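To keep things simple, chains are lettered A, B, C and D as they appear, and every chain counts its residues starting from 1.
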Amino acid sequence: MRNTARLLIACPDTRGIVAAVAGFIAEHGGNLLDADQHTDKDHGEFFMRAAIERPGFGLTPDTFASAWEPVARRFRMDWRIFWGEPVKRMAVVVSRQLHCLSDLLWRWRSGELDVDIPLIVSNHPDAAGLARDAGVPFECCPVSPQNKPAQEGRVLGLLADAKVDYVVLARYMQILSGDFIARYPNAIINIHHSFLPAFAGGSPYQQAYDRGVKMIGATSHYVTERLDAGPIIAQEAVPTSHRDTVEDLIRKGRDLERIVLARAVRLHIDDKILVSQNKTVVFD
Amino acid sequence: MRNTARLLIACPDTRGIVAAVAGFIAEHGGNLLDADQHTDKDHGEFFMRAAIERPGFGLTPDTFASAWEPVARRFRMDWRIFWGEPVKRMAVVVSRQLHCLSDLLWRWRSGELDVDIPLIVSNHPDAAGLARDAGVPFECCPVSPQNKPAQEGRVLGLLADAKVDYVVLARYMQILSGDFIARYPNAIINIHHSFLPAFAGGSPYQQAYDRGVKMIGATSHYVTERLDAGPIIAQEAVPTSHRDTVEDLIRKGRDLERIVLARAVRLHIDDKILVSQNKTVVFD
Amino acid sequence: MRNTARLLIACPDTRGIVAAVAGFIAEHGGNLLDADQHTDKDHGEFFMRAAIERPGFGLTPDTFASAWEPVARRFRMDWRIFWGEPVKRMAVVVSRQLHCLSDLLWRWRSGELDVDIPLIVSNHPDAAGLARDAGVPFECCPVSPQNKPAQEGRVLGLLADAKVDYVVLARYMQILSGDFIARYPNAIINIHHSFLPAFAGGSPYQQAYDRGVKMIGATSHYVTERLDAGPIIAQEAVPTSHRDTVEDLIRKGRDLERIVLARAVRLHIDDKILVSQNKTVVFD
Amino acid sequence: MRNTARLLIACPDTRGIVAAVAGFIAEHGGNLLDADQHTDKDHGEFFMRAAIERPGFGLTPDTFASAWEPVARRFRMDWRIFWGEPVKRMAVVVSRQLHCLSDLLWRWRSGELDVDIPLIVSNHPDAAGLARDAGVPFECCPVSPQNKPAQEGRVLGLLADAKVDYVVLARYMQILSGDFIARYPNAIINIHHSFLPAFAGGSPYQQAYDRGVKMIGATSHYVTERLDAGPIIAQEAVPTSHRDTVEDLIRKGRDLERIVLARAVRLHIDDKILVSQNKTVVFD
């Protein structure tokens, strides 16, 4: 994906958008590798993702915006473009459950996730070993009811210093403040260990056990101010039975969480997610 | 299953229960085809289902209880036995969505569900044709805010006259009163068109669409007084995407509902479900 | 979908195809509802499906070809267009297992499948009742080793008389001749009751049972001369266990077969399938 | 599971087996935690797994056999008992693909797999780092067409020295000789990266890609002399599409392989698998 530019567009739905976008790209010598679109008929909104092969494309990060502006203006587009390189910078924030972090690091080291990971942050020291093995700087920022705002400030400072583009909460058991979230709009990916909107909040496996459900799930979503209510990126579920204890649910859930979070991270890296009206359009 | 007796047991957990049950059956010449058990450690409760081949078994519906009583008393068992024949009598209650009814009737006519269906009831006339094609008596009992108690009384009368053992709500869009439910404890099977506890109540597909979930589900459960909160028997889920309209969710959901409801009915027919603490133990 | 024209394109991969297609449509006042494309890099082949809203589109079945020809010629396109109306004409061919036929008829009658079904053919009389209930002409064409070519000729005659566009083998347990298949290229949809390529040929559930697999599947595919080896349209699988007898696998498989076949039929109706190199591109 | 004894039984099917087994356990003060059974009607064979709480059970590894012998003889039982402690000793054998090894080690270190891992063997040096991080002895035994028997001898020697109870082939891309396999009957677990019996042999993802399947799978099985044809323990499958390259299938498959192999290992550790007639009975 490194030599692929990704152009993301949202605009009012009308005729001729695809023709205009594809025409513009062709005009500048670009090879359109992929072009997904979606129309939200409820809100009359049009979404598009165009993947353009960079070799041969006559525009660059420096020249694109001015060439593109007339098209964007004509269709009143909300748009962004990502150039594939440099790759995104991702921070991982965890508490004491490390299976998601471990999994992300493994995928990253084996080349499956094409990102930089300049920082791992935790409110506990447990992840230090994993971070060291992976050669990623680790910062422990303990949190308590007393120091919460200060701790968040410190974490935000670390994220800023590491110049991260987005943040993955790989089982971070703290609720972020609105101010924190506002700094990374649609750029904080959380994994919630339930099939949202069922079992939002704390101890979802215990809740699932108490309710006696026959499947459990996991949900990755962008974090918004409303707890566990942000735009859902990916979900998955597996069967359970009366034989499963809470511990069994936790164990089964770990596999779900790893897979669902990795899928969301991968989609985010490839710029395949657009957000609108608290929902995602996922061009996979 | 017709020549198989099913003995269902719930009692305080202790040593020697399986030995006592299996010993009793062997003593009376019974061949134990299947013996599932489960211990709920939270509540110290033991559950067992024993399937006994009737040919060769020295006990009958007339003689079983008195022979069995000493064992039952010793372990303070709550128990029931089903003899396979005559088969259960099932009523189906529907509103205007007929895919679940149609599916149940198909499975019944093709021999997949070994029950009698002496009655189909609806608050609308739409199901009359399906009932007639299947040769099942159909009763239309229209309901309105005004006549609700009277209508329920009429339905209960029809169920009693038809001597049904249990009731399947195959998309009946009415809330039953506590009195109605109390007449068929753990014997009213509902299909709810969501992955409960998510999207309880009305219009779950619309709710799912509005929330932007990436999977939808269906849930069959026994009906209790608390709406959509009874013991869950079976659940299933399928992926969805931003491309799915509410109509697409409804269409995908129909396939889920049919399969999940049929599974629950089948388990109920085979006496594979025990209920305790608002959860099911499903010996499948 | 009735007022939607679907343009299917396959051509050598090069730059500017999407721009040319979308430009052409925009030029003629067409609203592009959907435009999926795919590049098969192994063979340098490009595939596209464009869905065009008919209201407002300046071209008609009579005028499209001549206007479109220059674009098609420029990119050496293999193309077809479907206008949504009149709807496709589908024949269903069965033997004695009727669950797939019954399911297709139900979906059709409830409006889920927007087709005409002018003919049901079987080598056995069993489906006559279902056909009659649905108001579809039924023809019984018994087959024996002796009359096989003559029987195929008769079936082909019935299909021709009924002017069907495609044929669904909804569990037809006969092998069609090459001549028969050649009359409906990529227009005969079969359901095979296994997870192909595992268990091709006869008695796949018995084969699955004998092998002791832990999942069974179903596969819908276009029929080609090589038995059970045509382009796969859809597949699905469900878990099994050592407890499942062959009869259990057959029962579980029925649900799979119905769903997988219905999915394939639906994709075919909506012109969402392109075939190349014995594989399908499914724009879903 | 450490203070749980697991008694595995296979014998000709007859009446009274469960009563005799449960009676024997009760007689010796044992608490029967779980008792699964299965009858293979095709071969008239009965299988049972009894899990007995060790505290309170009057028999020990030293005294069990002589007390039990009369029961075993009466029913002509093939039986084994595992006492939970000491835990099993597992060797992992790999080639260059390390995702399964990494996953097993992670599960082991996090306490999910209650085994000892005294040895990792590979025909390549790549796994040395992972082994070292996990504190497990690693041996590199390169293999070539010339040294194959000698290499196998060396590996067998290492396994013997490490006193392993069973061997996990976590993507070992070599075919073992019949002599090797005979040393560990039903004690070598392989992960094959396809939905067996489809795509046995080499390059299954390439085969799946070439065939154009719409799902891929993974299969864990015990290794027997017939390549990829041993008793299947677990299988799982996920959807694919025409968009998936071979590399995408490999990536998706990695997640499947990890989960399916871990499930098989877990079942093996808990003595939940019986093998008969080249099939498994899995008491899960």
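As a working rule, a contact is a pair of C-beta atoms (placed from the backbone, for glycine too) under 8 Å apart; a residue touches a chain by one contact, two chains touch by 3 or more.
Model, not experiment: these values are computed from the prediction.
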Chains touching both subunit C and subunit D, listed by label: A, B
Label of the chain whose CA centroid is most distant from the centroid of subunit D: C
When contacts are scored as defined above, which chain pair ends up with more C-beta pairs, B-C or B-D? B-D
Between subunit B and subunit D, tell me the centre distance in angstrom, where each centre is the average of that chain's C-alpha atoms. 37
Contacts with 2+ other chains: residues of subunit C: none
In the complex, subunit A residues that touch subunit D: 98-99, 102, 106, 110, 112, 133, 251, 254-255, 259, 262
Under the definition above, what is the set of subunit B residues touching subunit A in their complex? 38, 41, 195-199, 211-215, 217, 231-237, 241-243, 245, 278-282
Subunit D residues within the subunit B interface of the complex: 15-20, 22-23, 25-27, 29-37, 39, 56
